[in-house]
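Next up, some structures in C-alpha cells.
Look at the two complexes coming up: subunit A is in both, with subunit B in one and subunit C in the other.
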Partner chain A sequence: MTANGAVDKFRELFETRDAIAAEWKNRGKKTIGCISIYTPEEVIYAAESLPVGILGGTKSFAKANVYLPSFSCSFICGFLEKLLENEYRYLDLVTLPSLCDSIWGFYSIWKQISSNPEIYLLHYPSKRSGEAIKYFTKEVEKFKNFLEKFTGKEISKKALEIAVDVYNENRRLLKRLYMLRKSESPPIFGFEALEVVLSSMTTPKTLHNELLKELLTDLAARQEYPEGEVRLLISGHILDNTDILRVVEGAGGLVVADDLDSGSRYFWSLVENTHNPIENVSQRYLNLPSPYGPNVKGRIKHLTDMIKEFNVEGVVFLTRRFCDPYLFDHPILEQVLKQLGVPFLHLEHAYPLAKASLRTRVEAFIEMLR
Partner chain B sequence: MSKKIRRSLSAAREITDMVLAHYMSAVQAHQESRWVAWCTAVAPPSEILYSMGIQPLFPENYACVATVMRTMSKAFEISESHGLSRDLCSYARGVMGFVLGGEAPLGGMEKPDILISTKNVCLSYLKWWQLMAHTLQRPLYVIDCPRIISEIEESHLRYVSEQLERLVLRLEKITGRTLDKDKLKEALELSSKAAELWRRVLGLRKARPCPVGVTDSSAAMFPLVASAGTMEAVEYYEKLLDEVSERVEAGTGVIEDEKFRLLLSGIPYWHHLDLFNYLKNRYGAVFVYELYTATWGITSLNSTRPFESLAFKMLYNPTNMPPKWAEEWIAGIVKDFDIDGIVLLSSRSCKATSINNLVIHRVLRDKYGIPSVVIEADHTDHRDYSDAEIKAKLDTFMEILGSKSHMRPANR
Partner chain C sequence: MAEMNTQEYWRWPEYRHTVLDKDWHNSKIITAGVDVGSVGSKAVVMLDGELYAYSAMRTGGVSEATAVKVMNWAIEETGLKLDDLHYVVGTGYGRVNVPFAKRTITEIACHARGAHYIYGPTVRTVLDIGGQDCKAIRCDERGKVLSFLMNDKCAAGTGRGLEVFADLVSVPIQDLGKVSLSVDEEPQPVSNTCVIFAKAESLALLRQGWPKERVAAAYHAAMADRIVDLLMRVGVEKDFVVTGGVAKNAGVIERVERLLSIKSLKPNIDPILAGSLGAALFAKALYEKQIGLR
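What follows is the complex of A and B.
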C-alpha cells in the first residue's frame, strides 16, 4: 500500500490544522469549533469566521477522565482532553448541536468547569415536521444573531448567499472526487479520501476548493492505482484519523465509499437554493441522513445507495464504544444488509486502538470475501 | 441502642397490586377496543391519553419491575444476540429482549397501537422508541423537547405545545374518538392534585426521624408515573399523605436512631435494593430524599391552559434543565432536608443521569461544602455488579461522614 503524492497537501493541511486556525486567529478573526456536519457552517463563514471541525483525538484521556466517567465515548473524551491540554487555545467559541446525551453531558460539564471557550448549544430536532423545521430555522436565525454580536460583523443576505456558493462548490468538488472511486480501479485509497474530507472540515473553504480542483486534475494524470482485492464501504460516526482505514487497506481491502460523518454525509447534499438563505441552509442540515432524526430510513437509503452505486462487496461498521445513537441503529442496519446479502463486519472500537486484534478481524473478513 | 427496623408503609405495600392492575388494564383496553400507547415515563401526556380512553404503558417501569422480579437475564441475552450492544441503556436492552420474544413477567406488556416519546430526558427516549416501533411495526410519535440552557422560554413552550396539539389531532383521526375538553381539564386537575400531594409527602420527610425511606418512596411514586390524570392516583396519595402524617405525629421513623440523613441521586440499582438496608442497618443512615422520585410531581398544572401547561411539565425536569439549575436545586434540598451527604448512583448504561456525576461531586464539595460519593454500576443489569466493591466505597464514605459528624454542634 503506497500513497501517491497527490493528496499530500491535504494530509499536511489536516496535520497542521491547529496552526492554520491559530494563524487565522492571529489575523484578528474568530475561530469557531463545531461538529462540522450538523452545524450550519455557512453562517459562521458569512461572519468571516473560521469553522473548525472538532475531532476526538486519540491519545490518552488522562485529564478528561477526571471529569468524564469510564463509560463515555472517545469523541467527547478526546475533545475534552484536547481542551484541557490547552491545545484548543485558539477557539473563541464552540458550537454544539444537541445530538446525544454525551454532548449534553459535555455541555453541562464544561459549563461547570470553564467558560473559555464559551459553548453555544444549538437545538437539533429529532423530527422533520412543520413545527420542527420552523423551530430549527429559528434556532439558526438566533445563532446568526448571536454570531453577529459575537464577531461584530453583520451577516447580510448577500454574505450568506456567497457562503452557500462556496460551500456548495466544496460539496460538488468532493462529490466529483468520490465519483472517481466508482471506477474499477479507483485513483485513491480510502484513507486518502478521508484525509481530503477531514481537511475540508478544518481548512478555510476557499483554499480547500482551490486545492481540490488541483487534485482532480492531478488524479486524472495519476499513473499508479491503489491495489486492493475487495471493495469496501465504511459506515459510522466521525472517523477522526486514518489509522483504522490504514489497517483495513493494509489487509487487502480497498475502501471505495463510506457512510461517515467525516465522509460522504458531510457533503453529499447541497443547499438547493438561496431564496431565503437561513431557511434553505437550515433545511439542508435538518435533512441529513443521521441517527438523530425521526427514523432510520434516511440512513438506510444513503447506505444502500452507496453500496449499489459504488459496487461495494462488503461493509465495515465502525462504532465507537458507548456511542448510543449508532449502537441503537446497528441491529436495524445489520438486518438490512442481511436482506441485501451484503456481508458486513462490526467493529466496536475505543482508543487507544487495539490494532493487532483489529487487523486480525479485518483480515478474516477480507479473506472471507475474496 | 436499638435500631429497630420499621415495617414499610402499608400504602407502599399496596403498590404490587396496583402494578398488576395497571398491566391488566391494557389488556382490558384492547378488549374494549380502546388503544394502548407505550410511553416514556418522564412527563408523558397521560392526561391527554386517559381523557381519550387510551391506556398508557411504560416500558421503563416494566423494566424496573422485571428487574426487581429477577427476570431480566434471558432478556439481555436475547437483545444482545440481536446485535444490541451491552453498552446501551439496560432498560432498553431488557425490554427489547421481551419484545423480541423473551419470556416476560406479569404476562408481558400488552402490545401497543402507538408509541409516544417525550424525548425530554435522554437519547434512548428517541432511539429505543424507534427500535421498538420498528420491531413491532407500529407508529411512533415523538414530542421533540429542546434542552433548556437558561430558562424555559415562550418559544420552547409554543414548540412543544404545538406538537401536543398535533398529537391530539392524530389520535383523533386514527382512533375516531375526539378529545373531550372538559375531560382533559379534569385530568389535568387530578394530575396536578396528585403531584401536589406527592410533594407534600416528600416534604414530610423533613421530619426527624424521617418517616419514609427510599424503598417505600420508590414504590409509592408508581401511581404518579402510571396514572397521572386519574382519580385513582389522587386517592392513593391522599391515603399515603394520611399515613405519613400520622407517622410524623407519632414520631415514627424509618429507624428510631437516625444517625445520617442522605440524599440519593440517580436511578436505584433495582437488582440490589438491599444496598439501602445495608446503609440503614450498619450506619443508621436513611435516605430522606431522592432526586429520582422527586422528578415526578415536580410541578403543578394549569388546567385552563392544558397544552402549554403539559409542555412546561415536559421541559421542566432535572435532566433537561441546565447544570446551574440542577446544582442549586440539589443545594436547596440539602439545606431544607438537613442532609449530611449525597450518594450519586451512576449507571454505566445511562449517560443522561450519570455522565456529569464526577463534576457534580466536585461542585458540591468545592462550592457548597457538601460531601458526596459517586458509585458506579448498572441500574438494571446485575451481571457486572460488585457488591463488595460498592459496599467498600460506601463504608469509606460513611466513615468520613462519621468523622465529620463528631465535629458538629451537639444539638444536631
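What follows is the complex of A and C.
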C-alpha cells in the first residue's frame, strides 16, 4: 500500500488545519467550530467566517472524564479534552446540532464551565414533516441572526446565494472524485479520499475547490493505481483520522465507497435552488440520510445505492462505543445486508485503538471474501 | 515448620508428541503451522496433510523466541530440521512474529480449517476459546469462514481468566471444570464481566464461606453466559464444535451446551491444536500452488 502523492496537498491541509484556522483568525475574522455535516455551513461562510470541522481525540480523556459520564462517546470526550487542553484556542464559537445525548450533555456542561469559546446549540426537530421543515428553517434563521450579531456582519440574500454556489461546487467536485472510484481500478485509496473530505471540512472552501480541480486533472493522468484484493465500503460516523482505513487497506482491502459523516453523506446532495436560500439550505440539511432522523430509511437507501453503484464486495461498519444513534441503527442495517447477501464486518471501537485485534478481524474478513 | 505453598495452580502442562507409525522420509509434502497465541503457542507438522508431530507450550515474553522454540520442540524427535519443512504458515495473535513462516493467516480462518480437519465436514459453528479472546465462527462444508464474531472487550470469558481463577481457589487448572460441575445446585453467576473484578467478587464469595466448588460454579456459569451471548449473535447451527485451550474445560463447555440446548462434537485430536492444524493445511495448499500442483 503506497500513497500516490496526488493527495499529499490535502493531507497537508488536514494536518495543518489548526495553523490555517489560527491564521484566519489573525486576519480579524471569526472561526467557528462545528460538526460539519450537520451544520448549515453556508450561513457561516456568508458571515465571512471559517467553519472548522471539530474532531474527537484519540488519546486518554483524563480532563474530560472529570465532567462526562462513562457512557459518553469518544468524539465528545476527545473534543472536550482538546478544549480543556487549550488546543482549540483559535475558536471563537462552537455550534453544535442537538442530535444526540452526548452532544446535549456536553452543551450543558460547557455552558456551566466556560464561555470561551462561546457555544450555540442548533435545534434539530426529530420529525421530517412539512411542519418540521418550517421549524428548522426558523432555527436556521435564528442562527443567522445570532451570527450577524456575533460577527458584526450582515448576512445578505446575495451572500447566501454565493455561499450556496461555493458549497455546491465543492460537493460536485467531491462527487466527481468519488465517481472515479467506481472504476475497476480506482485512482485513489480510501484513506486518501478520507483525507480529501476531512480537509474540506477544515479548509476555506474556495481554496479547497481550486485544489480539487487540480487533483481531478492530476488523477486523470495517473499511471499507477492502488491495489487491493476486495472492494469495500466503510459505513459509520465521522472518522477523526485515517488510522482505521490504513489498517483495512494495509490488510488487502480497497475502500471504494463509504457511508460516512466524513465521507459521501457530507456532500452527496446539493442545495437544489436559492430562491429562498435559508429555507433551501434548511431543507437540504434536514433531509440528509443520517442515523439521527425518525427512521433509518434514508440511510438504508444511501447505503444500498452505494453498494450497487460502486460494485462493493463487503461492508465494514464502524461504530464508536456508546454512540447510541449509530448503535441503534446497526442491527437493522445488518439485516438489510443479510437480505442483500452482502458480507459485513462490525468494528465497534474506542480510543486508544486496540490495533492488534482490529487487524485480526479485518484480515479475517478479507480472507473470508477472497 | 510451616512451608509456603508455591504450587502454580494456573500452570497447564506443556507437551509434545510424534505419531510413531509415520516416517517423513516417505512423504511428498511436509508442512507446518505455528499458532502463537497470547497465552499458549502450538506447532504442528503434517505429512501430506496428515498429522505427524505437534507441541504446545506457554508463550513467552518474546513471540519470535517462542515460535522458534515450539517449532523445534515439535520436530525434536523426528530427525526433521526446519529446512526440511516445505512451507510454514504462522497464525494467532503473534502470527507476524514467526520468523520462518512464509505467510500469515488469521487464527479465525485457521480454526475453521482446523476444526474441519478434526471434526469433519459437517461442522457449521466453531467456538474458539483462547487465552485472551473468544471467537464464534460460522463455516461451510469445506471449512471456509462464512461469518464470525470476536469478543474484544475483556479477557473474563477466556483461558487467562480461568488461570487467574485457578490460582484464587487453589485448584489445578485441569481439574477446575470438573470441580465446578460437582455442585448439587447451580448458583447465580458472578455478576462482573471483567477478569479482575470477577476475581474480586469470587474472593468475596469465598470470604462469605462459600465452598470453592460453588464459587467455581458461579465463575464458570458467568463465563458460559458471556460465550453464549457471542454465539447467539453469530447464530448457532449444527454441528457445533469447540476449539482452543478452554475446549478442555468441561465446566464451561457443558454449561454452554445446556444454555444452547445443543451438544458439541467430541474430538479425537487435541482441540488446542485446531489453529496450528489449520495453518499447516493452508501451508500444504499454498505449497501445492507454488509448485504448480494446483
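Some points to look at:
Heads up, the rule we're going with is that the second predicted complex is superposed on the first by the 370 of 370 C-alpha atoms of A that agree within 3 Å, B and C clash if a C-alpha of one lies under 4 Å from a C-alpha of the other, contacts with A are read in each partner's own complex, and residues count from 1 in each chain.
One rule holds in what follows: contacts are C-beta pairs under 8 Å (C-beta built on N, C-alpha and C of every residue); 3 or more make two chains touch, one makes a residue touch a chain.
All values reported here derive from a predicted model rather than from experimental measurement.
Of the two partner chains, neither subunit B nor subunit C is touched by A:89. Judged by the touch definition given at the top, the superposed model places A:175 against neither subunit B nor subunit C.
Touch criterion met: A:98 reaches subunit B, while subunit C stays clear of it.
With both structures placed on the common chain, the touch criterion links A:368 to subunit C but leaves subunit B unconnected. Of the two partners, subunit B and subunit C, it is B that touches more residues of subunit A.
Residue contacts after overlaying the shared chain place A:343 against subunit C, while subunit B stays out of touching range. Touch criterion met: A:360 reaches subunit C, while subunit B stays clear of it. Interface of subunit A with subunit B (complex): residues 66-72, 98, 100-102, 104-109, 111-113, 121, 123, 125-127, 129, 131-132, 135, 138, 291-292, 294-296, 319, 321-322, 324-325, 327-332, 334, 346, 348. Contact residues on subunit A toward subunit C in their complex (touch as defined above): 343, 354, 356-357, 360-361, 363-364, 367-368. Touching subunit A in their complex are the following residues of subunit C: 93, 105-109, 133, 144-148, 150, 152.
Residue ranges of subunit B in contact with subunit A, taken from their complex: 82-85, 87-89, 92, 119, 122-124, 126-128, 130-131, 134, 140, 142, 144, 146-147, 149, 155, 159, 162-163, 166, 322-324, 326-327, 346, 348-349, 351-352, 354-360, 362-363, 376.
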